Amino acid sequence: MNELPKPAINGSHNGKPICFPQADGSRIPYEVYSSPEIYALEQERIFRGPTWSFVALEAEIPNPHDFKSSFVGDTPMVVTRNDDNSLSAWVNRCAHRGAIVCRSARGNARSHVCAYHQWSYDTRGNLRGIPFKHGVKGMPGMPSDFDHKDHGLQPLRVDSYRGLVFASFSDQTPPLYDYIGPAMRPGIDRILHKPIVYLGCTRQYVKANWKLYNENVRDPYHASLLHAFFSTFNIYRAGMRFRIVMSDDGMHDWLMAFHGEGDDGNSAAYREKVASFKEGLRLEHTALLDNVKEYDEFVNTHIQPIFPQLVVTQIQNTLAVRQILPKGPGNFELIFYFFGYADDTPEMRTHRMMQANLVGPAGLISMEDGLATELVQRATADGSDAAAIAEMGRGVPDEQQIPSGISEGHIRAFWRGYQELMGL
Amino acid sequence: MSASTIAEIERHGAETALAEIRLWFELYRLQERYISAIDADRLEEWPDFFTEDGVYEIVPKENADLGLPVGIFHCFGRPMLRDRITSLRNANLYEAHIYRHMTSGLEFTMVDDSTVDMQSNYVVVQTLTDGESRVYQAGRYFDRVVRTAEGWRYQRKRAVYDTSRVQTLLVTPV
Amino acid sequence: MSASTIAEIERHGAETALAEIRLWFELYRLQERYISAIDADRLEEWPDFFTEDGVYEIVPKENADLGLPVGIFHCFGRPMLRDRITSLRNANLYEAHIYRHMTSGLEFTMVDDSTVDMQSNYVVVQTLTDGESRVYQAGRYFDRVVRTAEGWRYQRKRAVYDTSRVQTLLVTPV
Amino acid sequence: MSASTIAEIERHGAETALAEIRLWFELYRLQERYISAIDADRLEEWPDFFTEDGVYEIVPKENADLGLPVGIFHCFGRPMLRDRITSLRNANLYEAHIYRHMTSGLEFTMVDDSTVDMQSNYVVVQTLTDGESRVYQAGRYFDRVVRTAEGWRYQRKRAVYDTSRVQTLLVTPV
Amino acid sequence: MNELPKPAINGSHNGKPICFPQADGSRIPYEVYSSPEIYALEQERIFRGPTWSFVALEAEIPNPHDFKSSFVGDTPMVVTRNDDNSLSAWVNRCAHRGAIVCRSARGNARSHVCAYHQWSYDTRGNLRGIPFKHGVKGMPGMPSDFDHKDHGLQPLRVDSYRGLVFASFSDQTPPLYDYIGPAMRPGIDRILHKPIVYLGCTRQYVKANWKLYNENVRDPYHASLLHAFFSTFNIYRAGMRFRIVMSDDGMHDWLMAFHGEGDDGNSAAYREKVASFKEGLRLEHTALLDNVKEYDEFVNTHIQPIFPQLVVTQIQNTLAVRQILPKGPGNFELIFYFFGYADDTPEMRTHRMMQANLVGPAGLISMEDGLATELVQRATADGSDAAAIAEMGRGVPDEQQIPSGISEGHIRAFWRGYQELMGL
Amino acid sequence: MNELPKPAINGSHNGKPICFPQADGSRIPYEVYSSPEIYALEQERIFRGPTWSFVALEAEIPNPHDFKSSFVGDTPMVVTRNDDNSLSAWVNRCAHRGAIVCRSARGNARSHVCAYHQWSYDTRGNLRGIPFKHGVKGMPGMPSDFDHKDHGLQPLRVDSYRGLVFASFSDQTPPLYDYIGPAMRPGIDRILHKPIVYLGCTRQYVKANWKLYNENVRDPYHASLLHAFFSTFNIYRAGMRFRIVMSDDGMHDWLMAFHGEGDDGNSAAYREKVASFKEGLRLEHTALLDNVKEYDEFVNTHIQPIFPQLVVTQIQNTLAVRQILPKGPGNFELIFYFFGYADDTPEMRTHRMMQANLVGPAGLISMEDGLATELVQRATADGSDAAAIAEMGRGVPDEQQIPSGISEGHIRAFWRGYQELMGL
């Protein structure tokens, strides 16, 4: 693939530089959510830069020659399983004249043939066939100096950890194992400690900037306030405790909420004794809230964003990873991939299905997140000079204040890391 | 449905029995009342269109086609249907919105004297506070209805939606 | 409409009288003819779907919900209905456009032997000269129809529209 | 249709004959089955909705209004209808797509005992792989149906579409 | 609210300066209708600059704690009535992380609570409550140096004249009374000389630049030519006279059309004697045209634009103000707010409703205005270098030629004022 | 029309220059398909530059005062037939304040009256009438120095060749006869050798850049590969031969495919003997493929793009010209104008109708072209630095390799010509 010089775009908006007025990340200039220039720069420095973007669950492509189409930022790409069970990933753009090569969302294929002129590639993206390469009727075809090896599909680095598949454009990106790092790996190890089965996905299209959602999942402060389902039906149980950690660079995060002493997760236990904040309001089908203990630690909620495209979650017995796909400065698509364990009993599988009501586009305790990000987008896209403030817990070492769950420390850390990555 | 089946139905149709018209009419009116109740925001009535053990699901076609179970609504029985409405009225946050259901392509087959399987296309046009109306969801209903002492009820209603990209959120049943 | 009411209707429905089917059919056909006449640009027929003193209004739901009277069409009697068409044909300026009405969710209740109140969802898909079709207006009809010597006529037709943002202008009745 | 005609129909309607309801029902169900077969991708059944010499055309209204013949589908007889499906299944390249037909405004007139001319509005909402549903085509069917040994069949079906700007391509019949 | 340096955007389009080739405003370069750069600059220098934007009728918010959501240019804002009946206005953007605070179009509320983290504000926009401000479980909350007073909703200046409520971002804006000025006040005094009742609004979305509508309402030249309803049914009555005045800066305008001698406004009087231009065309329901005399001067039509967002109108007995809301360079929303007098008889109220047929999105004599602006937008957005000409009456002192109603003097004055404001 | 200085825009994207890395046109940087800056420059240097854009068939406007609305690039224009049967063309933008003057797609009118203030123009675009030009009631109207001659509609050069009507903005454009040139004229002479009748048009809206379609019709390489209808039903007949020529500047192109020896065009002849590639697949109604010999040379397919807006085609007995209208960087509209010969027998006319199934938005052998361009647009609009390669037949003199039909020589020539025109 023939490389042109890198773009000269820089972090400006309407010709004016974007400035973060405070070093600690406690001020976020609203332009970063709507500026096309910033968005173009993010594609280059983040999505095509030194990051690993989540693209699939291995469980989505279990067999040789399985493939799945997805995106790294704005770039369409495909992840495949090779005949030796290894993984490959490539930009979904024909090396000839640039057509989408793979036009299916998912499937199984030994070779991928571009519709336009039938150039064919193997699962690794190597160019295998060119119709009329040697011409026809004594007429010449491709020039003699044309070498297949130079014209495969643009390869992406690909690696997986515990069945989560990531891709990266950049040689600068550290190995996936280190990128996830020692602080985050235990969270993923916990959820993906045994074989899983993919149960399907649901999609949500949100009219807001993709970073607003990254903020949202690093913002424990909003949980009990935005999502009234908790309070209305008293889903916050007595003595619930939190553990929240983040990676050194501040880009990844891991929150867990634990059941309190003597809470066995069975909704019956506290069903009667706790009155609803709104008098008389009760769930009739409280089994929705039963949390069956599946791990050493009895965790009610596990939310773990791995920058930039992934969030690993366990909400009671619902297991899902979320993929965040930017679609221009003002939109992102959010895809929930649900799964269960291969050894689930039928009852547990049914229970997971029932609890799928809690998350996703119609999730009883999560539907508000997309809307919250839209509310910010709508109020901040008018071009006026203003900035968000994230001061909760400021001035105290993060590790001291964060466990309370009432903190914006991780949001500040996120924006410090963002400026670093973006060179702003 | 093979040509011969069509032919059969049609030959029968040629002297369509009043009973068939009457059955169709009752099923058709059930659906008309169902969508009218939702579009008029009479959501407290919604669970009553189902049997006590009625199952209601909203599932994306992309999962249904792959035999994958996950959807965005999975309600088992009237209590869960009522919980959804209680949550919508008291707990959830969403923008004001108006639904207009359109339906066409109703097909039905008798399972037994008091049980019918029916299907129908649906399109929900949604209007938000900006005052613009957009196609919010298109899909097809796959329903099982039973004749009860109170009349026809949904024993199972499965909305399989084409529009896999749900705009912002879905809180009101379709 | 309470569950018991539904039950009642349904129990009745269980042996639905032919008379009910016939009444529904006549009302349904009236609406089908009404939208067909408009969509085919046979607007000169439009006033004839009303009684001599028929009232026709198009009102945004945002006003109707607040009990505010203002709308964009307020025609009192056939002469005003005819004036609208005369103006459309001779005086007003607008881009060429095509309407396609879709309706669903028809509900009706007998007021007396010759008077019926009916409601129905409607969606108007409009195509302009660029050749693209868009949802132009969604809403619900609130009608009173009466049986006259000439058959069923609208004594009152009130189109309450959700799409408060009217695109460019509205000149053709819905 | 003049006011007096409406009146006539209506006066007749006032004691609507069951035969009229039955005829309408059979035509309506024919259309419901037709759109259901297409929307469910049961395209191999599609030619069977026509007579052996059945003519199927899709023509833009802008040509039809000028009396110009050209359209995008011109199939003369079942063999050509089958060829279209064979080509769709085996030869043509297109993106995965889902149709949802909506119909309203069905009008019909008896030509003779076994021949009926009918018209109906249609709107096709299409969903592509991005998961968004859009109004893909709006128009009106102009059909001639005949009663055959196998029941009602289309002898001629002409889809006159408003949406002159076809998005990308059209491969699946409407 | 933390201010960033002002944007560096200037009046250019595709990097080329916009130039008005003539000093007298008789040439309007078409770029001003479609350039995104110009649009962004208008937001800064006009809507966030020294102007008063109409946002509501007092009659829409008559009671303490009533509120209404609206816009000043692109910026969402809210106007409220305080417990002491005074008015407040603030930008509808949470001081915390920027979400829309007030999500209802109108209502009554003592406090406004942001959905995201439940920060609450009073009707004046003062920050009243922050959940967990003092932390929880001994963990710190907001920093000790955090002062509520510094973190209210961004206030807007607000004032009302004769029940018309305006808001302004700028301290430079003169007091509302002077902004409207001596030339325009009498027009508003006339229409709003006694208490009114709000009757509802209708909205129209137009695919054209917001300035084209400001031109349209300053353009008496088009009235009898674009709106054929007048001529078709002879609504121009014998001997109709005009009075047209404008403010010194040329930005505001006031046109009135008077009934001629011996025209008592009763349509019956001239119904028979005047033949339609199109033979045989008659209105059957001529009462639609009856004008009941309500003021000392017997006025048929009163059109009074107050730059940038307002037009005050009386069309016969229909009373309405129009709000012009820009929605990007190529669209604007036009909202008609209808009202009557508190002491209307039921007959008069019904008569006003009937005459509502004359205006609004389906108005028999006004539906063409939105389309006319679209016709200009469609013909001028292709980027070619061309300019409109506004020469009618040029070279003659405005006061001499304008009374005829056949003049573009006010359009030229408008554009001279616009260049002044924009610094072009 | 008052001219402003030419725009300063240049061939850059996000402030970075677009570069064609190879002089021979064998590398196409993907930015040219999605850059708004490039698109704006194309409007100026191509569509408003020294080119002839196809706008109509003379058969669409056969009679005096017939007119048709169309576009030259983004600019709305009208072509008319004058009373002396000559043709005129003008920009559809009122000389007054810029409204669309002609609002009908086609029709017959002696004068064209702008809706806004009723300025009227003759079929040549000369300004004929201005309401109230001399004022009213003794009040002045237009200034005395206002001259109608200076205020007509902006004229376009217009000329026709063999009934194909073209328009041009530029005085630099060579005469149409020379623009089409000696290499292309014979192709047009062949198809339009006798009077034609217009049979209607079909339209297609494609989410891709207009140049991708210009490439597509200069790309014989894709024909048998993208359009499987050929191979599935064996429409490629034994011994089919090609002739492909292009204009010296590489912008126009002409491909013809001939029937082989002993192929009389009757599908029956080869119906039985040739097995389908996909076993058992047969067309039932093979008459669809009958090609009735109408010309000296027995041509199966004739495809002839005349840059930038035209493609002349004959597919068996279907005759059509295609108009390519750009609609922003990412969309184009494609209009197929079908015609027959005035002396067609009814049978032949019916046969042409039946073969209309082959082309257009639902064309059995052409529906894929629009999609192919969309596949490229979708894969290349992500802003990454990459370029298409067009190497088939490179290094061999075009005339040697092109006749095989397996060549990208004309695509390389097209891009060389494009750079020349654009000054890139």
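Letters are used for the chains, namely A, B, C, D, E and F, taken in the order the chains are written, and counting of residues starts over at 1 for each.
We adopt the following convention: a residue touches a chain if its C-beta (ideal position, glycine included) is under 8 Å from a C-beta of that chain, and two chains touch if they have at least 3 such contacts.
Treat the numbers as computed from the prediction; the structure is a model and nothing was measured.
A.B. asks: Return the chains common to the contact lists of chain C and chain F.
C.D. replies: D, E
A.B. asks: Could you tell me the least number of steps, going only between chains that touch, from chain C to chain D?
C.D. replies: 1
A.B. asks: Going by the touch criterion at the top, tell me which pair is linked by more C-beta contacts: B-E or A-B.
C.D. replies: Contact tally favours A-B.
A.B. asks: To test your reading of the model: what rotation angle superimposes chain A on chain E by C-alpha positions, in degrees to the nearest 5?
C.D. replies: Copies differ by a rotation of 120 degrees.
A.B. asks: Can you give the whole-Å distance between the Cα centres of chain B and chain C?
C.D. replies: Roughly 25 Å, centre to centre.
A.B. asks: List the centre-to-centre spacing of chain A and chain F in whole Å, with centres computed as mean CA coordinates.
C.D. replies: Going by mean C-alpha positions, chain A sits 45 Å from chain F.
A.B. asks: Suppose each chain is reduced to the average of its Cα coordinates; what separation in Å results between chain D and chain E?
C.D. replies: Computed from C-alpha means, the inter-chain centre distance equals 48 Å.
A.B. asks: Two or more other chains in contact with one residue: find those residues in chain B.
C.D. replies: 18, 21, 62, 93, 95, 102-104, 131-132, 135, 164-165
A.B. asks: What positions in chain E touch 2 or more of the other chains?
C.D. replies: 103, 105, 115, 203, 205, 226, 368, 371
A.B. asks: Would you identify the shape of the chain contact graph, picking one of line, ring, star, complete or other?
C.D. replies: Shape of the chain contacts: other, as it matches none of the listed patterns.
A.B. asks: Can you name every chain pair that touches?
C.D. replies: Pairs satisfying the touch definition: A-B, A-D, A-E, A-F, B-C, B-D, B-E, C-D, C-E, C-F, D-F, E-F.
A.B. asks: Can you check the complex and tell me which residues of chain E touch chain B?
C.D. replies: 103-105, 115, 203, 205
A.B. asks: Sort out for me which residues of chain A touch chain F in the complex.
C.D. replies: By the definition above, chain A touches chain F via 1-9, 37, 40, 43-44, 48, 73-76, 91-101, 103, 115-118, 131-132, 135-137, 139-144, 146, 151, 154.
A.B. asks: Name, in rising order, each residue of chain C that touches chain B in their complex.
C.D. replies: Touching chain B from chain C are residues 1-3, 6-7, 9-11, 13-14, 16, 18, 21, 24, 61-62, 102-107, 119, 121-123, 135, 137-140, 162-165.
A.B. asks: Across the complex, what residues on chain D touch chain B?
C.D. replies: 18, 21-22, 25-26, 29-30, 32-33, 35-37, 39, 42, 45, 48-49, 98, 100-104, 125, 127, 130-135, 147, 149-152
A.B. asks: Using the touch rule from the top, collect the residues of chain B that touch chain E in their complex.
C.D. replies: Interface residues on the chain B side: 93, 95-96, 129, 131-132.
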